[in-house]
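Below are structures written as structure tokens.
Two complexes come next, and they have one chain in common, chain A, joined by chain B in the first and chain C in the second.
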Partner chain A sequence: MVNGYSVSSLAEALEIRSSHSVVPYAGGTDLMVENRKGVEYLFLGKIPELRNITEDDEYIRIGAAVTFTQALEDKKVPDLMKEALKRIAAPAIRNAGTFGGNLGNGSAKADSVLIEFVSDAKLRLASRDKERIVDVDKFYLGRKKLDLGEDELILEVLLPKTGLDRYSYEKVGGRNALAISRVSFAGIFDEKDGRITKLAAAFGAVADTVLRYKDLEETMLGKTIEEARELKEKYLESYAERMVLTQGRVSAEYRKNVCMNLLGSFLAKFGI
Partner chain B sequence: MSDINFRLNGREVSYSGSAADRLLDVLRNTYLCTSVKCGCKEGECGACSVLIDGVLFNSCCVAMGAIEGAEVVTMEGFRETRRFEVLDRAFGELSAVQCGFCIPGMVLAAEALLSQNPQPTEEEIREGLSGNLCRCTGYNAIVNAVGLAAKEGKGLW
Partner chain C sequence: MEKISQSVVKKDHAPKVSGRSIYVADYPSEGVLCGKLLHSKVARAKILGVEVPKLPEGYFYVDARDVPGDNNVNIVLDDTPVFSRDTVEYIGEPIAMICGPDENEVARLRDECRVNYEEMEPVLDFRSAEEKFFDYHFGHGDVDKAFAEADKTYEEEFETGYQEQAYLETQGMMAEPEEGGRMFVHGSAQCAYYIHGAVMRALGCGPTGVHIKQDVTGGGFGGKEAFPSILGCQVAVAARKCGKPVRCVFDRREDMEYTSKRHPSLCRYKAAVRDGKVTALDIDVKFNAGAYSTLSAVVLQRGIIASPGIYNIPNVRVHGSAVKTNTSPCGAYRGFGGPQTFFAVEMLMSHIARDLGKEPLEFKKAHLVKQGDQTSTCGKYHFPVPIPEMIDEVVKESDFENKRREYAKAQTGRYRRGIGMSMYFHGAGFTGAGERDLIKAVAKLRKYEDGRVEILASNGDIGQGVRTTFPKIVANELNLPLEKVFYEHPDTARVPDSGPTVASRSLMIVGELLRRAAIKLREQWKDGEEQEVEEHYKEPDFVIPFYIDKFEGDAYPTYSWAVNAIELEVDTYTGVSKVLGAYGSFDVGTPVDYNVVMGQMEGGFLQGIGYASIEKMDYDSKGRIRNNSLSDYLIPTTKDVPKLKCMLHVEKYPDGPYGAKGAGELPLVGAPAAYLEAMEQALGGIELNHAPFTAEDTLRAVMKEVG
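Moving on, here comes the complex of A and B:
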């Protein structure tokens, strides 16, 4: 075809990716809106290796070209992820939009990426000659900047299989006219023998990248709920100090308040 | 360089233009399927809805290279079906059409919904049509029409 490559295997795709200057195309929902001129697309939609959802002992493995609709219909995909997927746009966008495309855009507004951040997901990437696995938070280098080589493709998202059951998820504001005021939040809590073993919190759409502060989370680990409750006020203060939000059309201060409220309710949901 | 081959409303066609061209533009300009409307080119309005292998897509967000080998259905093809007749009658009966601009997209979104879920609740209908904007009707008549079609067309979906 003219100005594009349609491939049916991953090997073929990686070969073209390493030898030509192409733009990977999955569902097209971001690319076609961007409408870049003079590019050649590498169409990933027909590569079976990228369209599967599988599992191993540790991970649910979601292929980069799996659509949101497909994931919503799959029993293996955890509820927390589905919670976010359900609220992405409308059916036609969920039928086209993919996990790889959501990541590939490098946007802090990407809803599936927020869940990947909060659940410590990893990504499997490959070029023709090499394959590697990176933590999702290392993959995002900043606004629209990804740790992705010109010859690489995203192959899979590796989502931990366990520990995602007790969560909060909130998306404030729509995508259309309200997009400017949007904040999204995901939190995961876990405890063992009355002590906190996980208290992860991630904020989307408020800065150049998804925000998560693991060092702050760690200060709560090993505490009882009682102890955590006593620390709550100081804990929220440290978040407030750390969070630097980009100035949008809606004031950063307002959105920060929303973030702090969402964090506060997440803690309260689990008795903290 | 080979052409892009696909089926359009049951007919084999091949497109010799660029793989990066927008399906919406090609449907309207090359194949004269003018039921497919352009309201935004941003995936927001649903006026450009088509079915690709039976699944609802915004044709403004699809590049031609992505439909190689696929079956594309627009209103020009769908209007030949019994399901269309039922939807057509229901939309008419409940006065669910005003200017008509959104309607081809609405009807295809309804078809996509009903083929997944033949007896949807009102809430499910609203969700199924949530990507299709209408500036005229206020939606209620359209939602009711889809509900009526589901009832009248029992067994068709």
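Moving on, here comes the complex of A and C:
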């Protein structure tokens, strides 16, 4: 028996969220497997505002209850995100799984979340009484720990509209389908007038949260490709020093080697 | 294609795909008690006592003291207890069962049981395990002389890991006391009569005191050969004590951690070479049997008989042992000892060839056995060995020679390719004199007044299609439409013992009995009358009697043959490999149903590729299996081998129905060697010697090469 509240408006959902102890449910592909005993769910799949993909001047706005399949079929969603989405699990899971659920589950293995990290996405959160926007990397506090109040819901992912065209994406799973990421990597590169303006690299599934080292990235900004190439060895060394990875289904050593190889490959792809 | 090979819709297709089939877990729960096992949490200990929580009315605690007969499950030896004696020998060993009407309450009571252990140091590493359950020696020729006269000798060690059957339906059995004191046991199983014998013994009753029925079974792959005998005894003992039906269905975690898996192996091979040919093999095979002997004797026998491969080696010495460790007992799994030793010998031959500067394929071809040659046990290959033609088929289909040449060139990019090949047999039917001396299969046909014919035999359909292929054979001989012939899941109360559903024997052995029975019925057919005919197994005249004490004679009357090629692309940045193509030529004689056989070949081949690559299972320092879920133990999906090309090569066996031989196990056996040989080539010609070879192993090898 599953107990819960099925709501059709956001106001209603936020009201229940603030007055009851409920587990937000959008897709349920993780929750159904967990099969927690004695909890009540708040079913969010029927709230129209959460099921839309829209855009404004700055962002592609993806509702928390938008499924991966829906996003894959939407022209507004950038290719980088689609690369990650199309390798999630299998069609049935992609038909049900949602952006909000991927975030709310709190895992560093979440494939859509990696893209949100590397692209500096923001999240719109709301409770009955207030709304706020938070950077995705601030939202993740630690392993399965999120900056999400007991009374709050995730409403939207705000994905930057520009600057995501030159990228690398890699997912290393245990097999070609229905595989949880063992290592995932996303990198974004941009340049202007011969100088690097962006060199973002994010690593998923290798630590408690997605890893990204913005201070290291900054050391490359404003450099020419030539200069970056000279710095490359030292740059990679700094990453290797900083990355303390966890042992999981595969060893920490393996993960580290893969991360470094993929980072190196990303740099090489853009001439560095 | 022969008429008998033409595919029909499987008899159980509609109920299975529509979800109407009743599996053991599907019977209504009213009046049925749920049983849950109290498993040992330590690998080796004396049990000082169990503190059982206060049981509510209607709940029961069942243990060894409740076994009315013998607390030993009859498998090959009798060392496996129904419930623990005064010790536990592995994590998961069943100490007791809690039974009661409410599943959650049963789980709570079970979890509240406190077992007081006096722990002992467990033996976990089978390399250093000293206790041998089984120890066999055999051979022929003069091995010492061949080594003394050799130009060159080789020595190498090969290792393989566990493999989990990962059937869709977990283990589950149910026992129902019947009027007059008879016990009815049914569930997910391969061998109704094995369970029959075991339960009789546990209950201390005669053959009519118990009957066993196979329910619709969601896959076995060998995993339901012996284990249901143990679980069947447990639920029967519980039902006897409770006086009510008791059902125990494992959850996936229990199933993966505590039930039998493929034996991990360690094979040491020494080879003598003279004038470019292998003149002698000195082989030492060690299997990790786990805590109890279960089926290890027969798995080991099949493994060591195959250990010289399909090569004509004049001097052979084989030593095989199955050692005890404090881990889950290993048992039957498709291939039954063959995958381990064929992996070793195929890799060895390939390594020797390369050391001698030869292509492995040419080197192997120069050693192939042929019709009339002696087998490893001084029996005879009585029938043509079609391997050379099958090699040609696989070479052509996979473009093997061009690719092999191309990929041998230095590769430097991120992605590197390799292709490898293996060749092997699977001995069809029971090893040795089993069919003649132990099984003595009997099968019957019953014709009803309305002209329908029922097959009475004890072989269970576990997805391999015997509910369809047996009726096809009988209908063909009787010139009846297929709808008129039917075969239900066996119940030992109404069918004779035609033997277990194992060893790729059902179609070849029992199918032939049914074919002969059908001919007999045809000859005496009388319209409108009920009639019954019976057939008994008779060993073919050509068979050279087998003596297990000496390992001498025909271990098998005939062989199914196969050649596999696997082409890989390795990502040297991540260690992940992509199977670009898997090509197999399989000779299982005449396919009695083309689709059924192709399904078996493709499924088995894919399972073998999983065994070679991603299916890794291990225990920790305490002896606990860690990979106990389907997200921790991955098996390949269809997306992992999109190009899987299976071909049938038909070399008919005159004593099988229409020329059919054993089919089920063959396709799994050779994949690891083909996969690893491809991997070796992709990684620049290094030598590898263990399977599975995972992405981690691959990356480690790449890093080593880079330095």
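Assume the second predicted complex is superposed on the first by the 261 of 272 C-alpha atoms of A that agree within 3 Å, B and C clash if a C-alpha of one lies under 4 Å from a C-alpha of the other, contacts with A are read in each partner's own complex, and residues count from 1 in each chain.
By our rule, a contact is a pair of C-beta atoms (placed from the backbone, for glycine too) under 8 Å apart; a residue touches a chain by one contact, two chains touch by 3 or more.
Being a predicted model, the structure only gives us computed values, none of them experimental.
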More chain A residues in contact [chain B versus chain C]: B
Partner chain in contact with A:89 - chain B first, chain C second, else both or neither: first
Which of chain B and chain C A:3 touches, first, second, both or neither: first
Which of chain B and chain C A:247 touches, first, second, both or neither: neither
Touched partner set for A:172, first chain B, second chain C, both or neither: second
Residues on chain A lying within both footprints (that of chain B and that of chain C): 90, 176
Chain A to chain C touching residues, read off their complex: 90, 170, 172, 174-180, 182-183, 249-251, 254, 257-258, 261-262, 265
Chain A - residues contacting chain B, complex: 1-6, 25, 27-29, 31-33, 35, 39-41, 43, 45-46, 69, 89-93, 95-96, 176
Of all residues in chain C, those that touch chain A in their complex: 414, 572-576, 578, 614, 631-632, 634, 636-637, 639-640, 695-696, 699-700, 703
Of chain B, residues touching chain A in the complex: 1-4, 16-20, 22, 41-44, 46, 49, 55-58, 60-66, 68-69, 109, 112-113, 127-128, 130-132
